């Protein structure tokens, strides 16, 4: 994953690099501003965080226990650490964020062994996992405890409810838990026309890293335990994991607003729509190939490498795979139709210039 | 540390419990709002964070390397982990936040052994430390590497520049580093009429946990390496330590504004002044004893326990030491003279009622 | 703890430094030699190790689960790790081996926070522990889970059955476990005329580091879980903790022989007797002060420092406390009466020479 | 890896399961017995251990620093931990012992992320590694630091000196270290007619897990740092890693004898010869396929599964790969020609019975 542009003081970045490059949705920011009055208890005992908890329970069921953290890595590492002993392993795809993009945090700060299964589209199936479960009870082998899936995946693909259900059944049959890295769960819900509940609790997912930042928050993620039998003592683990922020009200306020009036859904739908618009329009250009169907807010595309050079002078995005020269273009709640159209026009120009 | 009041949905909390119970200073919030435009690179490569870095270097010297994190625990644990091997120990006072208030994070997430030295006022001196340095080179003993001091201490006391200098000299003589937990460094600077540089870089402090949240930020701390020979690779450790927030601009914006126009100093001075006002006025009451001199923004007081019961119905604060029934009252940038005066009047009433 | 003599190729060391300086008891060595025939399954599934397990259950009760390791540090660190989560703390004396002599292993390889209580004789009482239990349920504080005691202590003192029982009751009242570092448990049994069962299982001790090496083994310790509710999955933790030796038969053979024909008891009694002989005879000398009553196989003595210099030319032992110039002299199963008497004669000469 | 036979009290095991199922070579045992006289300093400061160190330096060069441990897992985990920071990763084959057979110890007790590369024969080449080095300097990715190879591999194959040299050059070009898991290094030396030096120091290998147990020791492995720039402070790490045994003389004595009079070489040659004999004779049988060339002391074979059932009633060995029904038969210093021939005869009978 590389970008040819350099860090700069440019305040007018044009980015299709990541949904993290967008700011906060104005309504979220407004909620933060409104939370800034008077004294409140620290560390999540404030009334705003408590309201946010209640709101999350509306979405995930009354058994859910919610713990806010500030990064997706923290949600993944601490959630997985909470449900494993160090001799357990976590099964994930070879493209998983926990394996590729967290700098070894699960291993070093979670003490967790990852068992990675090669996967081109970022998804796992029971059939792919089965061969890795052979050493149960063998003292020399790390003991599998969790299947971790990402929804939507790092490759922009989706798990359908049916696919998740099959994984959950398989997991239960093998005494495993199912963890969902839901950094972009909202985009999956929007794409599949499902509620959060539909895609998690209803299917028997045990624990969830619930993302907010990529879909319009300033900073806010949560570890959500859905299975009532897990997660005991997590409040201590979060504190110890350096994630118990003092002025938690500012996280709670974001979460509360995010879940009100379907803001989360509007943002995710918009991001998905912009990705589809981009894929559709760019896909019609000569010398531009859109890889796979666009299922959420990521577009994977191939254009002539020389055209990439030209585009990177104006835009910020990643060459996702250098070998095949595949580009990743992400959209977000903030992406406008005009931005997409201008980008497509620029792609067209760049491609024409080099052909 | 206990409080008799229960968590509630009261949005009108009257708190002298912690500077963490205040919100963000309006100017800080304004900076966050203003940072919310357009796309910016994530993970600290944005222009606002880079400006904040430059501003911090103005305060701490051009050799300083600055890494933002979201909690004080993260700043302490990751900073200490960066400069130690696991067979090293960190020497601190028995009252140190890293020992008493971080749920074992330095040990469990830092792999760091703490060697605690009994200290009533939260301070350390070379004479107190010397007896703990006997086993250097003895393979069975954890090898001391860092002296960690808190400025201002957990007990509200201060280290003078001269005291810090003596500790630094002692540390260098014994091949140790000096870490400062500066969660309330601003209050110390205000009290001692010193700059940040005066109290850290100029004295030879090696690394600093630079606090912002307690003095008016929403959420923002930093690990600052001052000694040019330490801190290599910390960018990876922060990521791995789950502290690399994606939309870093919102932390950078706070830090940048905090250090402009002496906002940090005004906030800290105000908090200190309010503590002095409270100590002065409450200290004149019968049956109220202010413990020690008020050096920063914390007041430690003794009143009849029955009076505490009465006050806790209206106010939120901690019984700091149950044995001696010592209360801790903290003030902040947000505390008003009127609030102090009303509190003093209520203390007076409560004390009179029970005597 | 220092010794003025230097490491050398001297094969005729005269040592009162540690029971670790003795070799293996001939009967133990013989058992090892006899175990060396034919093929056996590795990793503890051999018949000798299984017999040793059965023998240990005779001594500790049928609920005991036994896991051999090769060092006392491993027994302590892995046993404690097995019964704690990382946010738990272990309460121990300030003289405890786990705090002073394991190079931070419990923290770094166990993730365990130690809470140390000042103790001059190495012992703990409920009254000493009570003040350290104040923050139960407070998320910022490490949560106490285990009281760890050493029997006999690092200072050569003993816990009586009654004292242990009181600690166990106190522990149960506070939802704590009791761990015994029994590196020298045999010496305690010999001194108190108790069986292993009497001093552990019968009193409700939850887990034990069972020492063998100091009392005549080549190399052999065990983690013994006595409380049936703890220790699940420890087989994986031991493997992961690098302590699952392949040719386990050679450890099992030692343990089995150690527990046959009261060998353990004879060895420990002999060591204790030699310590008493040394203390009695040396204590009669002018300018020699024996500190406290000799309860097991360690003698703590004060002589003129100049006399120590002379003795260290011929003998190997530790100056235990440099400040008070207290020496530690350890005896073992191998110490002979003649060696004691010669040592006493040499002490006499050395003292006379400098006075 | 499974075996159908159950643990039993059978003292007459017939094993081709592992070289770990053999006892200690008589000469090694004799050395242990002889080391059992008089007092010696503990923890490796004894004269025998010092002689063993000197002997190891004869074999590995005067820059080698040697640290004994009791398990191969300890050698691997602690050696790798010593040369990495937690944000580093270790590249190994998907068959590597550190990945498959150490129960997650490198991750949990080393804090090390493993990056595994699919390899059918257990070997790695620069070409296989290159695609995994793409994210150097990218803060989200664990930073590669070590290439770990096993000699001989878990699949019984060998690296030639030339292959190792190529890996070392590749490693140096990419600022990586080369670690060799040499649990069976002696077998490789015997097979390639090389000295230890030839296969390690001379080729630029940086650190080595030097195995002894599988080739005739009771218990004894070593971490050997060959590169003079690495390994600082390892003495503390070993202690902390629970591997500093007190009566180290008994490990040192084994190592010393092992390296005298080419005992290590005779043992390894014999084991290799027995494997070749077994492969040669069994390979001539109908319905028996020997997989690949036998390069060291492991034979991988395929026979009808029903024949395996019959053989497992009398013999102990592993079904190495259940899918392809591949068996692993290991020989050792203790395997006799008669045992091999009897085994071959029994294989013949079993195969004939089912065909």
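All chains are identified by letter, namely A, B, C and D, in their written order; residue positions are counted from 1 within each chain.
Basically, a contact is a pair of C-beta atoms (placed from the backbone, for glycine too) under 8 Å apart; a residue touches a chain by one contact, two chains touch by 3 or more.
The shown structure was predicted, so the numbers you read here are calculated from the model rather than taken from an experiment.
Enquirer: If each step moves to a chain the current one touches, what is the fewest number of steps from chain B to chain D?
Expert: Graph distance in the chain contact network comes out at 1.
Enquirer: More C-beta pairs touching across which pair, A-C or A-B?
Expert: A-B
Enquirer: Give, as an integer number of Å, the spacing between the C-alpha centres of chain D and chain A.
Expert: 41
Enquirer: Taking each chain's centre as the mean of its CA atoms, how far is chain A from chain C in angstrom?
Expert: Distance between chain centres: 51 Å.
Enquirer: Indicate the whole-number Å distance between the mean C-alpha point of chain A and the mean C-alpha point of chain B.
Expert: The separation of the two C-alpha centroids amounts to 33 Å.
Enquirer: Among the residues of chain D, which are close enough to touch at least two other chains?
Expert: 43, 86-87, 102-104, 108-109, 111, 139-140, 142-143, 236, 239-240, 244, in rising order.
Enquirer: Which of the residues in chain D come into contact with chain C in the complex?
Expert: For chain D paired with chain C, touching residues are 7-15, 17-18, 20-24, 26, 29, 32-33, 35-43, 45, 47, 50-51, 69-74, 77-78, 102-105, 108-109, 213-214, 218-219, 236, 239-247, 249-250, 316, 334.
Enquirer: Which of the residues in chain D come into contact with chain B in the complex?
Expert: Those in contact with chain B are residues 43, 85-87, 111, 139-140, 142-143, 233, 235-237, 239-240, 244.
Enquirer: Within the complex, which stretch of chain D touches chain A?
Expert: 1-2, 86-89, 100-104, 107-109, 111-114, 116, 118, 131, 134-135, 138-143, 322-323
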